[in-house]
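Across the two complexes that follow, chain A remains constant while its partner is chain B and subsequently chain C.
Then we have the complex of A and B:
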């Protein structure tokens, strides 16, 4: 009972501001004739029409599909590579500067290169997403594997753990929190690149839909696209947080003890 | 010092190796052709761009958007975060809303920004501000709230007023958090300035890359992307160095 009460209070305290903002927007824009700021209720009607009835399958699914496929390929490539590189100090010293440089390039700027190489179809989109998302994952895996606590490694050595055992039981679990941070950044980048690759490589997808709507002055459609993209960005991040919390439960527990 | 001496050659060696691989991959094999520029072509194109005034104008425009956007977000976000962080109620009321906007990538807003502001320098600045303001404010507020309570109580015992508490306890303690947020914001501003050009048609290096790509000139496209990598690297190094000086007591 008390837990529910506290939860309710937290929702109230966190919730009044967004409710106030939306109500204000709703009322302030109700009679708006400004072509760029249509009334919120009109946007909302169009939103329901577009995303529940019309375009979910045509525009949203391809975006999500490219995003997930591209990201998963990046994970499958970058984590093992990072473990290999990070396990040896020498390789890491040589590989890190290059990875660091490529990561400094704004990820979206890689899209034109992939358009030149692969054209405008979905292989280009997936390749851009994979390439851009790989680097934060790679860098964090290298860092995580390399920065294993020395005392832990010494202890493992004293207990005569084999190299394999050290890798699987000591290095990898220890690297997990850092790897996850890399995965999260990688996923955010993947989302941005997914949208950018659609806008730059005209055609289908949520990003393309929204920009085409803008270019043809279909303001309501543009607003619904922006809103759905924003909501997707938020929800995907939330899903990621939940997955992290569940998979790293031991780590958060450990931190609480400290 | 041996660490320093060994690090520079390591980076140089791997850079040379990567350039060689790039050159070979681009000259023979399936990638060879007009759609892929080799390392030497890209570097020659880059040197060619150095002689082109259009290129320098683009560099300037991108930096202009990034720097003004970054400065504006700091000027808005740090005082805002300070105000929010002073009370538990304001902190908890704004946390959800700010977190919501914080994770929305600014690229999402570009279609609306094109309509409302138009593809201009102002658009790049506005997007950079949107990209940073929420994250920096929240981080600042967190740092302010995280001030050691014993320290605050001690100050109260000495009858130091609210202003003094902020000046001598809360702000220095939040400095580490603000520093982290600053570093992220600086790189984010640069990225957003580029994205605004590339995707939204704002002036600068982003638009230049898009133009070269649609003209099919692979070497120049690569040259612009290389420039962006160099700019990004220099920015993050510079910020780290400045930070060490500015918040020397935080040990970060």
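Then we have the complex of A and C:
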């Protein structure tokens, strides 16, 4: 009961400003005749028509599919690689300068290169997403695995845990909070690249939809696209937070006490 | 004849530093009698922790050797357990108390039920029965150090090595933990080596106190603490011989005699 109360309070505290802003927007734009700033109620009507569920299959599913597939491939590549690099100083000295250089290139700028290499189908989009999302995950995994504190490792060694046990039962769990931070940043970048990769050379997907709508003066549609992007980004981030809080309960519990 | 559980033979340890080689340990020799409680004291930076790392097999001496159970030490020996000063960093925060204690038992071929039994016994020994499902960070510092001790006991060690085990807890908890260690000792007779900077504590707990002194460090004194067991915080510490021994150790640690 008290937990529900506290949750309700948090929603109220966090929610009043958005509610205020939306109300203001709704009223201020109600009589708007400006074609670029249509009334919010018109956008909302169009939003319902477009996304529940008229264009969901054509425009939302491809974007989400690319995003999730690309992100998962990045996870599968970057975490093991990060563990290898993070566990060995020598490997790190060789690999890190290269990684630092490549990650400094804005990922969106690489989309044209991927188009040249892979053409315009979804493999190009997935490759761009994977590429962009890999770096934060890789760097954080390296950092997390490397930063295992010496006392913990000493203890594990004196108690004669094997190398494998130290990796799986000490280094990896210890790295998880850092890895998770990397996953979250990687996912945000993946989302950006997923949309950006559709702006170039695609007829499907949320990015393509919004761009085409803008180019064809379908301003209402463009607004609904932007709105859905915002909502999707927010919800996906929320899902991430929840997964993180559940799987790293020990970490958040410990931090709350310190 | 008593046998040596650990035999330290002319152990030297050098570290390379930018200003040349630093000689930390300059020929340490000492035999730890089976079942004895031995404290290693000395001024800060004398190399106590270095010696402890050698004893646990975490580092190899530059020269000399350490013999445990008739074998020359290379890597962590079987039957040795540690309790370190920094309990917040030596217990795994992502594991419950039970899983922390069970972790070193993974490589022993014992059934799950047996593991659970051992965890339970160890927790009871340290006075934390029923704390299996707590996380270490939910416990007080003293309780966390008890968990460390329980984890060490669960492997049924022949040798227990402790590095400043009571340095990070408050005075009251410290006395409690000291008496806990005495009780464990009376119950199991584990050969124990403790590094400490606290001379009173060393005197109170030990059979022998080894004083390290000098650069490089050598054994400057070995003080036999022939105070009767069981010891008590009040009576033992008020014994005039306690005062004499702690004075002698103090002077050696300070390089006064």
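The criterion applied here is as follows: the second predicted complex is superposed on the first by the 246 of 258 C-alpha atoms of A that agree within 3 Å, B and C clash if a C-alpha of one lies under 4 Å from a C-alpha of the other, contacts with A are read in each partner's own complex, and residues count from 1 in each chain.
Following the convention adopted for this analysis, contacts are C-beta pairs under 8 Å (C-beta built on N, C-alpha and C of every residue); 3 or more make two chains touch, one makes a residue touch a chain.
Since we're looking at a predicted model, the values are computed, not measured.
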First, second, both or neither for A:162, with chain B first and chain C second: second
Winner by number of chain A residues touched, once chain B and chain C are compared: B
Chain B versus chain C as contact partner of A:127, first or second or both or neither: neither
First, second, both or neither for A:152, with chain B first and chain C second: second
Which superposed partner A:222 touches (first chain B, second chain C, both, neither): first
Footprint of chain A on chain C - complex, ascending: 53, 56-58, 76, 78, 80-82, 84, 86, 89-90, 92-95, 103-104, 106-107, 135, 137-138, 155, 161
List of chain B residues in touch with chain A within their complex: 6-7, 10-11, 13-15, 17-18, 31, 35-36, 89, 92-97, 100, 103-105, 107-112, 114-116, 190-191, 194-195, 198-199, 206, 209-210, 212-213, 216, 218, 221-222, 224-225, 228-233, 236
List of chain A residues in touch with chain B within their complex: 10, 13-18, 21, 36-37, 93-95, 97-98, 100-102, 104-113, 115-117, 188, 191-192, 195-196, 199-200, 210-211, 213-214, 219, 222-223, 225-226, 229-230, 233-234, 237
Contact set on chain A toward chain C in their complex: 149, 151-152, 154-155, 157-162, 165, 169-170, 173-174, 176, 250-251, 253-254, 257
